[in-house]
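Okay, so subunit A shows up in both of these, paired with subunit B first and subunit C after.
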Partner chain A sequence: MPVREGTYGLLAEFDSPSQLVRAADGAYQAGYRRMDCYTPYPVEEAAAAIGFHKNTVSLVCLIGGLLGLATMFGLETWISVWAFPLNIAGRPYFSWVAFAVPAYEWTILYAGLSAAFGMLFLNGLPQLYHPLFNAPNFRSGATTDKFFLCLESTDPKFDLTETRGFLDRYTPVSVVEVEY
Partner chain B sequence: MAQHSNSEHHAKTLPADLSAPAFVDTWRTRALIIGCIFLALAIILGFLSGDHWSHFLRAWLHGYMICFGFCCGGMALLMVQYLSGGKWGLIIRRPLEAMTRTLPLVFLYFLPVGIFGMTFGRLYIWSKYADWATALKEHLITIDQAHAIHFKHAILNPVGFWCTSLVVFTIIGTYVFFLNKLSLKRDADPEPNFRYWQVKFENISGFGVLLYAIMLFISVIYWVMSLDPNWYSTVYGFQFLVGEAYGVLALSILTLIALSKADPIKSTFRVTEQHDMGKLCFAFVMLNIYLAFGAFLIIWSGNSPEEIPWYLDRIRGGWGVIATLDFVFHWLLPFTLLLSANLKRIKSRLAVVCCIMIFARYWDMFWLIEPNFKDAARNLHFSIGILEYATLPVAMISFWMAYYFTQLKKRPLIAVNDPHLPQILEPEHAHA
Partner chain C sequence: MATKDVPVNDPMLDPVTGEFAVIAPGHTFKSVTEEVSRIVLTPRTPLGWFFGFTLAGGFVLMLLVALAWLLVKGPGIWAVTIPVAWGFAIVNFVWWIGIGHAGTLISAILLLFKQGWRNSINRFAEAMTIFAVICAGMFPLIHVGRPWLGYWLLPYPNTMNVWPQFRSPLMWDCFAVSTYATISVVFWYIGMVPDLGTLRDRAQTRLGQYFYGMLAMGWRGSVRHWARYETASLLLAGLATPLVLSVHTVISFDFAVALLPGWHTTIFPPYFVAGAIYSGFAMVITLAIPIRKFYHLEDLVTLRHIDNMGKVMLATGLIVAYGYSTEVFMSYCYSASHWEYFMMWNRMFGPIGWSYWVLITCNIALPQLLWSRKLRRSVPFMFIMSLIVNTGMWFERFVIVITSLTRDYLPSSWGTYRATKWDYATFAGTLGLFTFLFFLFIRFLPMIPMSELRLMLPQAKVHKEAQPIAEAGD
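And then the complex of A and B:
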């Protein structure tokens, strides 16, 4: 893969979540789409402001859960009915009542694992390099007390001078140009 | 969208008038009309059925247990929200208090159960055939039943029944009185005294929850479980406790959604708290099936001749259909619907789930009560009498609702003097 060069985007730093949300909201209104917010803790409003509503983690989790249910219930049925039928105090081989508990456990297990790994996969993690860490203020502030909005250069609306001017209107602490 | 989101960034002000909107009166009138129609139908069916009002009394017990659940389950949840804290507790508090204040009506509902059901022995065979030896000789009861009635006489006797019931009502009544009185006093307190009131309610509720659980366990043993004196289950009371919270939560959410058409609930019932209550519903849906299935699994595995007939009575002879539908209404439908985060945030859809949940309680109570009787056990069949279950409890619940709406109108719908009050007026996600 060729090394990408040039500007990754413009990173604006804010002191409070409400300033960030206002800027993100404004950028979305102005037509920017390729952008992201970086906050030290989850700010749901910021996610809503940049038009991020749904993701597929819940679907992955549901499919995982159903697979777990089917796998364990199928396994129990196969063992008890065909592979190794045992007469346990005269109960039927197909004892769905007793099968329910392990099947339920596997539903939870598969759903949990697929939610966790599905989330990591869909996040693009693990990621060994991200251009934003080239910005020194991002390194020191993003996990403590600063709120960042990055408008990315891949956005068709992106223009170095115009976008910088746009971001300045929201009175950020700083606007930094980030290189790949 | 810009305007919309701007308005969301500003805190709202508490409406000046906190009393219930006028349309609650319309609800009450409607509830009374429905109640009268269904009561008339139930009485006509009582004459037509020709079973000496037997099904009428069974249906009365059904309606009584549902209303008792709403009233006293409301008290339990009221105490739980004082203990847990949280913004959902503030918004739900006044509807719950209104439910608890319906206790006089619930006590009236209890009287026919006690007088006709127990004293005249129309519901409980342990009181009808207290003279078990003669009844056994005349083949009115089986030898197992005779043995159970004899063996459990220390508990299952008229004095025990009346004393327990009256003590339970007295204790619950005392709690209802003080919880309601102190809540008004807290509203009127000129100083905030947050810490004082919080500790006071926590102290009352902490012991109250425990005491209520014990009271409920004892009373459902008498009122419902003893319909079949042979059977016993230690988790029975707990199932009722969870079932009550399940129904009360659904009813509270329905009330709030219906009230949110106008102030004061309109500007105080945020999607955040609605979502939280939806999640709590989900938790109770899971806890309910956990207990119900757990009890079934243990008894199924044990396969003991003392326990298993209770389930056989409720599965064989057509009852399996009712049991399966009970599972569908009680767990499958609410569970699959409440999995969705969006659904919990949309009022109209959440309201549908709440209706399903309340209907599930109704359905479940039918499945619990009717197969206790000899003519119905392992033999689900149509009779005019069985239609009582579709009419009399509806009438009783409607009258209860009318009383509930009256109580709802008596107080401001939002409790003030609570540190959560400014928080529920904040815009959504303002904590971020």
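And then the complex of A and C:
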């Protein structure tokens, strides 16, 4: 990422999730789009308020699971039918019933790994540096008991004075300008 | 649940349902965070921790000695021979895997059933799963005799041009257990990421900030992240549920696919799974009771948890009892097979018949006391009961493995089994390893999920009713 300077955004701090949702809702209504909320536990209403309704983790998980199924079943079939056929008491080389068990396990393995790593990838994690960590009140609150709304400066509607005035209407505990 | 006989003014009791509160009233986001994170972030480690850690470490050393001697001399130092080729190694393997299952059950199945009370205990139950799987996974590996060739189980291209045989349940086991270990670790770690973020932000020392900062991967609690995170958690729970049922099912196939009397039965998969959950919950209680006492977590791990776990133990214990009675019915009354009939007679009244009666006493007779609500809410009673059930479940696997193997079809090939001191040392050593890892876990990682506790507090709900918005200039 290129080194950037200036303002990342304005960070408003709230005491309760209800205040946060109200402010996020208001900002979305007012036309802000580049924004995010930060909460110490999942607040679904806040995600809905900023227009984030669907995510693709389930799709990634499904694709991963099918891939796992196909991989293991294909491997078993190839090994038992072509690569190393063994006659075990006259049972068929293509014993699909027996192959189902490892294939089932690998479906779960691939699906689980895809869900976990897919979630991290879509979230852009690991990302050890983020401008928000520069805000003096962010780290003491966002993972403990405070609720934050950040309106980002890349939004076309963003204006330092106007946006600060807009946020102040929702009686936040504080509004902080966050530097890159 | 009855409401009449409970004191009205007890703040721990819900006035409507009479149930114990899951979290003691009066907690805030900050107080639950502090209560959990202080255990990890304190600069002063309690003396009792060092004591326990050292004691467990002693047993780990014993395990290392036992393993070293095993590698020098081979599995002959154990009592395994023909006809009992499985012995303690497989008894311990099945027992440990079973213990692990309760962790997955609490974290996955109870999550899907929206059982909010699980939240305080799921993290250390998951940790218990991982440590139990570590202990379990060791046994088949050292039991093969040349553990350094253990990778031969995996399908990989090699110069011998040999591939595994996928019709064998032992092969299925390899994939079931390795998948289980991997998914358990991922589920546990992903569940911990937000809490690691909390610890990163609350750590006072530079080292702590780096350590938890790296582990937290830059978690900042964005609601977009949370939304994907919640989806991933639900998916992992949904995947872990069929996984945990399949793992013990596959392990029971190791027995059920064999033709030995006492093993060759279709009741095995469900009754192995129920037994696994039974012993696992017992182990959760064994761990939870000293921990909540030692770290003063009675507010977060309440009597409600212990009571509920007692109920789960009672229910799974009855399923196990049904399994035992089915076995007796099949072999004495229904199978019309000499071998089955003799197997059951031998199991009850043979040379090691005492172990069967230990099993019945510990797993079926004594746990009936759990019907009493008063006893379920007695902490010392539940602790002792959990130890009894764990013992009973170990004997269940002992009975299944040993009695069927010592006396199968031909009297000329019968044998006996008497465990050696190395068998006992290895088993006690894994108990030590399990405790040792657990001590490390409670000292350095958050053992109660803080983000989930916050979600359970009444103030976590979003209230939609309109509050006046201050106009600019007000």
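We adopt the following convention: the second predicted complex is superposed on the first by the 178 of 180 C-alpha atoms of A that agree within 3 Å, B and C clash if a C-alpha of one lies under 4 Å from a C-alpha of the other, contacts with A are read in each partner's own complex, and residues count from 1 in each chain.
The working rule: contacts are C-beta pairs under 8 Å (C-beta built on N, C-alpha and C of every residue); 3 or more make two chains touch, one makes a residue touch a chain.
Given the structure is predicted, the values throughout are model-derived calculations rather than measurements.
Student: Looking at the overlay, does A:Leu132 come into contact with subunit B only (first), subunit C only (second), both, or neither?
Tutor: second
Student: Looking at A:Cys37 after the superposition, I want to know if it touches subunit B, subunit C, both of them or none. Which is it: first, second, both, neither?
Tutor: In the superposition, A:Cys37 touches subunit C alone.
Student: Scan A:Ser16 for contacts with subunit B and subunit C and give back first, second, both or neither.
Tutor: A:Ser16 sits against subunit C, while subunit B stays out of touch.
Student: Figure out whether A:Phe84 sits in contact with subunit B (first) or subunit C (second), or with both, or with neither.
Tutor: second
Student: With the two structures laid over each other on chain A, which partner does A:Glu45 touch: subunit B (first), subunit C (second), both, or neither?
Tutor: Touch partners of A:Glu45: subunit B and subunit C.
Student: Is A:Leu122 in contact with subunit B, with subunit C, with both, or with neither (first, second, both, neither)?
Tutor: In the superposition, A:Leu122 touches subunit C alone.
Student: Could you say whether A:Gln29 touches subunit B, subunit C, both of them, or neither, answering first, second, both or neither?
Tutor: first
Student: Looking at A:Val176, would you say it contacts subunit B, subunit C, both, or neither? Reply first, second, both or neither.
Tutor: neither
Student: Comparing subunit B against subunit C, which has contacts with more of the residues in subunit A?
Tutor: Of subunit B and subunit C, more residues of subunit A lie in contact with C.
Student: So, A:Val57: does it touch subunit B (first), subunit C (second), both, or neither?
Tutor: After superposition on chain A, A:Val57 lies in contact with subunit C alone.
Student: Which subunit A residues come up in both lists, the one for subunit B and the one for subunit C?
Tutor: Residues common to the subunit A contacts of subunit C and of subunit B are 17-18, 21-22, 41-46, 58, 91, 98, 101, listed in rising order.
Student: List the residues on subunit A that touch subunit B in their complex, please.
Tutor: Residues 17-18, 21-22, 25, 29, 41-46, 49, 58, 62, 89, 91, 97-98, 100-101 of subunit A touch subunit B in their complex.
Student: What does subunit B use to touch subunit A in their complex?
Tutor: 1-2, 5, 9, 293, 296-297, 300-301, 303, 339, 341, 428-429, 432
Student: What residues of subunit A sit close enough to touch subunit C in their complex?
Tutor: 16-18, 21-22, 26, 36-47, 50, 52, 55, 57-58, 61, 65, 72, 75-76, 79-80, 83-84, 86, 88, 91, 95, 98-99, 101-102, 104-106, 108-109, 111-113, 115-116, 118-120, 122-123, 125-130, 132-133, 138-140, 142-145, 165, 168-171
Student: Of all residues in subunit C, which touch subunit A in the complex?
Tutor: Contacts found on subunit C: 28-30, 33, 155, 161-167, 169, 171-172, 175-176, 179, 182-183, 186-187, 190, 194, 197-198, 200-202, 213-214, 217-232, 235-236, 239-240, 242-243, 246, 250, 253, 451-452, 454-455, 459-464, 467, 469-472.
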